[in-house]
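These are the structures, in structure tokens.
In what comes next, subunit A is part of two complexes: it sits with subunit B in the first one and with subunit C in the second one.
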Partner chain A sequence: MADSNVKTIADVEFGGELPNFVPDTSIEATRRFGKFVGWGTPRFTDHEGARKEGLPGAIVPGVMSQGFLGAMIHRWAPDAEIIAIDTVFRAPVQVDHPHTITGVVTDIDEDEGTVEIDITITNEAGETRVFGTATAKLPT
Partner chain B sequence: MIQQTREKDVAEQEAVDEDIKDLRERFLNREFEEVTFEIDGSRFAEYAKVCGETAAKFTDPDHPDFQAPPTYVSTLVGGRNTPPGFPHLGGMGMDAGKGVEWKAPVRDGATLTGRSHLHDIYTKTGRSGRMVFLVTRMELYDQDGIHIANADTRTVIRERPRG
Partner chain C sequence: MILDLHTHSIKSDDGRAKVQNYCQWIRTRDIPIDGFVLTEHRQFDFESDYSGLAETHGLVILKGSEVETEYGHVLVFGVTEPLYHAFDFTSIRLPLEEVIEHCNAHDAVAVPCHPGRPRVGMSAHLAEHGVPKGVRIVEIYNGGSRADEDAVAAQMAEELGYLGIGGSDSHIVSHIGRCATEFPVPVTTEAELVQALRAERFEPIPRQH
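For the complex of A and B:
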């Protein structure tokens, strides 16, 4: 069962699931990311340009996927401070394909006020594309 | 025969690892680049919104605690991932992951200094051969010299089979 409205570490349960998050992987989103942040090359912003590079279509920049993971944690616990996050890019996140992010609490340290969370981005076929582990500090 | 093959495999693995030991000794933990970043709050607010952040402290420049999401530092990149003189390992490098250690908020208008070094070199061997992983760490400091974050980039190089 998904935890929500997490305000303090007392609200977190070991093994608790974060509410699923469906990130915006549209071409409009990657173009906006390219315009304001960077990674604006065709492999991220143009399906035809990406195919010319041998990709099946445009892909989401890895740094944007990492940003999705951080946003998911803040949506779950708005006062969480992410003090570490490690992200593994296992396979491309394809633009204009639906993806879902799931997360589960794997450790709680009440003395330190921290939780560890495993987070996974999967595509519509249920294949893992990005995997991450985060440590977040919560109010005690 | 099997025993001989295993001994050969072990000997080859040890021989392979020698080149990684040599790279580690020559290149780890030696700063090779320093880059300055002028932090623009409108840019990180857009980053926050397009990534799906909804908290005003990340998206609203008028919020009293306006700051960049912790993962934003992964977008701050230097000009190179390896030190001068680092050898070409014979395969194409791919971005295998990013890591962030957050220590303090990144604020609008800050001037950050990023200092890069190779933090780790290791291998994994699979059915398709050996993969070499390089972890490049950029340590970020603010204008007062306070260490605010580490941003790691993990590059994987899939070596071509040796002929």
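For the complex of A and C:
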């Protein structure tokens, strides 16, 4: 069962799930992102250009994926302060492919007011593309 | 008895899971395993004592290693001080056949893991290096591999007559127990694990969750 409406650390349970997050991995989104951060490289914004670089198609920038993870955490707990997001990129997150981000609480430090969250980005085949952990501080 | 034979904790450079949280997760989520083996990358953890955690949670917690060879990554079960000093665990290009010889000489077992993966899996290197001598068991179910990578591993095992084990290759808490290995006898120590593997009495369990 997904936890929602988390306001303080007392609302969090070990093993509690964050609501799943479906990121916008469309080519329009990566082009917008590229424009704002000043990245025009084809690997993020153009499928054909990315294929010329040996990729299967355009891929979502890693830092954009990390942004999705932050957005998921803030939808779950709007007042959370994200201390760290630590990711392992196992495979590219492909543009225009549906992905789902899941999160689950795997550690709670009530003294510090922090929680650790396992995060996983999977594609439509259920393959893990990115995994990692996030540490967030919640109001006590 | 079901053990996850391939896990990593924060002792590994890319591991993010605390052992205590693995235990808590297994019990909270009723993960159907009786224990797990910590196979930290390029090292053996002689220092940590997990006996208290194991007792508290009623789990078996064993230790092994994951070393790196010209054929990719290899799990080593039954690591002892003499074996640890027989070759350089920190090397990223150990000769697989030498690792196997050292393991055989020190009552340990070497098991190539995720052999279906590009670069770090054994099947990717067979064309270049040929079939290595001494391999008896490979990991055919790996919780971190794609389905097609596990299929390559299973096909290679069938063609070369290898037995298969399963392990989650978990690096974060919630991935533990995704794959595992079932033994018909109790396995509560590293020595018993080696004995059971050498007796070739086990069954790999594919991804469960």
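Going forward, the second predicted complex is superposed on the first by the 139 of 140 C-alpha atoms of A that agree within 3 Å, B and C clash if a C-alpha of one lies under 4 Å from a C-alpha of the other, contacts with A are read in each partner's own complex, and residues count from 1 in each chain.
By definition in this document, a residue touches a chain if its C-beta (ideal position, glycine included) is under 8 Å from a C-beta of that chain, and two chains touch if they have at least 3 such contacts.
Computed from a predicted structure; not experimentally measured.
K.L.:
Considering only the touch criterion stated at the top, classify A:36 as touching first (subunit B), second (subunit C), both, or neither.
P.N.:
In the superposition, A:36 touches subunit B alone.
K.L.:
Between subunit B (first) and subunit C (second), which does A:76 come into contact with in this model arrangement: first, second, both, or neither?
P.N.:
neither
K.L.:
Regarding the shared-chain residue A:118, is it in contact with subunit B (first), subunit C (second), both, or neither?
P.N.:
second
K.L.:
Who touches more of subunit A, subunit B or subunit C?
P.N.:
Comparing touch counts on subunit A for subunit B and subunit C gives B.
K.L.:
Go through the superposed model and pick first if A:44 touches only subunit B, second if only subunit C, both, or neither.
P.N.:
Once the two structures are laid over each other on A, A:44 reaches no partner at all.
K.L.:
Please indicate which partner A:86 is in contact with in the superposed arrangement: first for subunit B, second for subunit C, both, or neither.
P.N.:
both
K.L.:
Check subunit A for residues that touch subunit B in one structure and subunit C in the other, and list them.
P.N.:
In subunit A, residues 86, 88 are touched by subunit B and also by subunit C.
K.L.:
Taking the complex as given, what residues does subunit B use to touch subunit A?
P.N.:
Subunit B reaches subunit A through residues 42-43, 46-48, 50-55, 58, 69-72, 74-75, 95-103, 152, 154.
K.L.:
Show which residues of subunit A lie in contact with subunit B when the two form their complex.
P.N.:
21, 23-24, 29, 32-33, 36-38, 62-64, 66-72, 74-75, 78, 81-89
K.L.:
For subunit C, which residues count as touching subunit A in their complex?
P.N.:
14, 16-18, 21, 24-25, 28-29, 144, 146-147, 171-175
K.L.:
Which part of subunit A faces subunit C closely enough to touch in the complex?
P.N.:
14-15, 86, 88, 90-91, 104, 106-107, 116, 118, 120, 125, 127-128, 131-133
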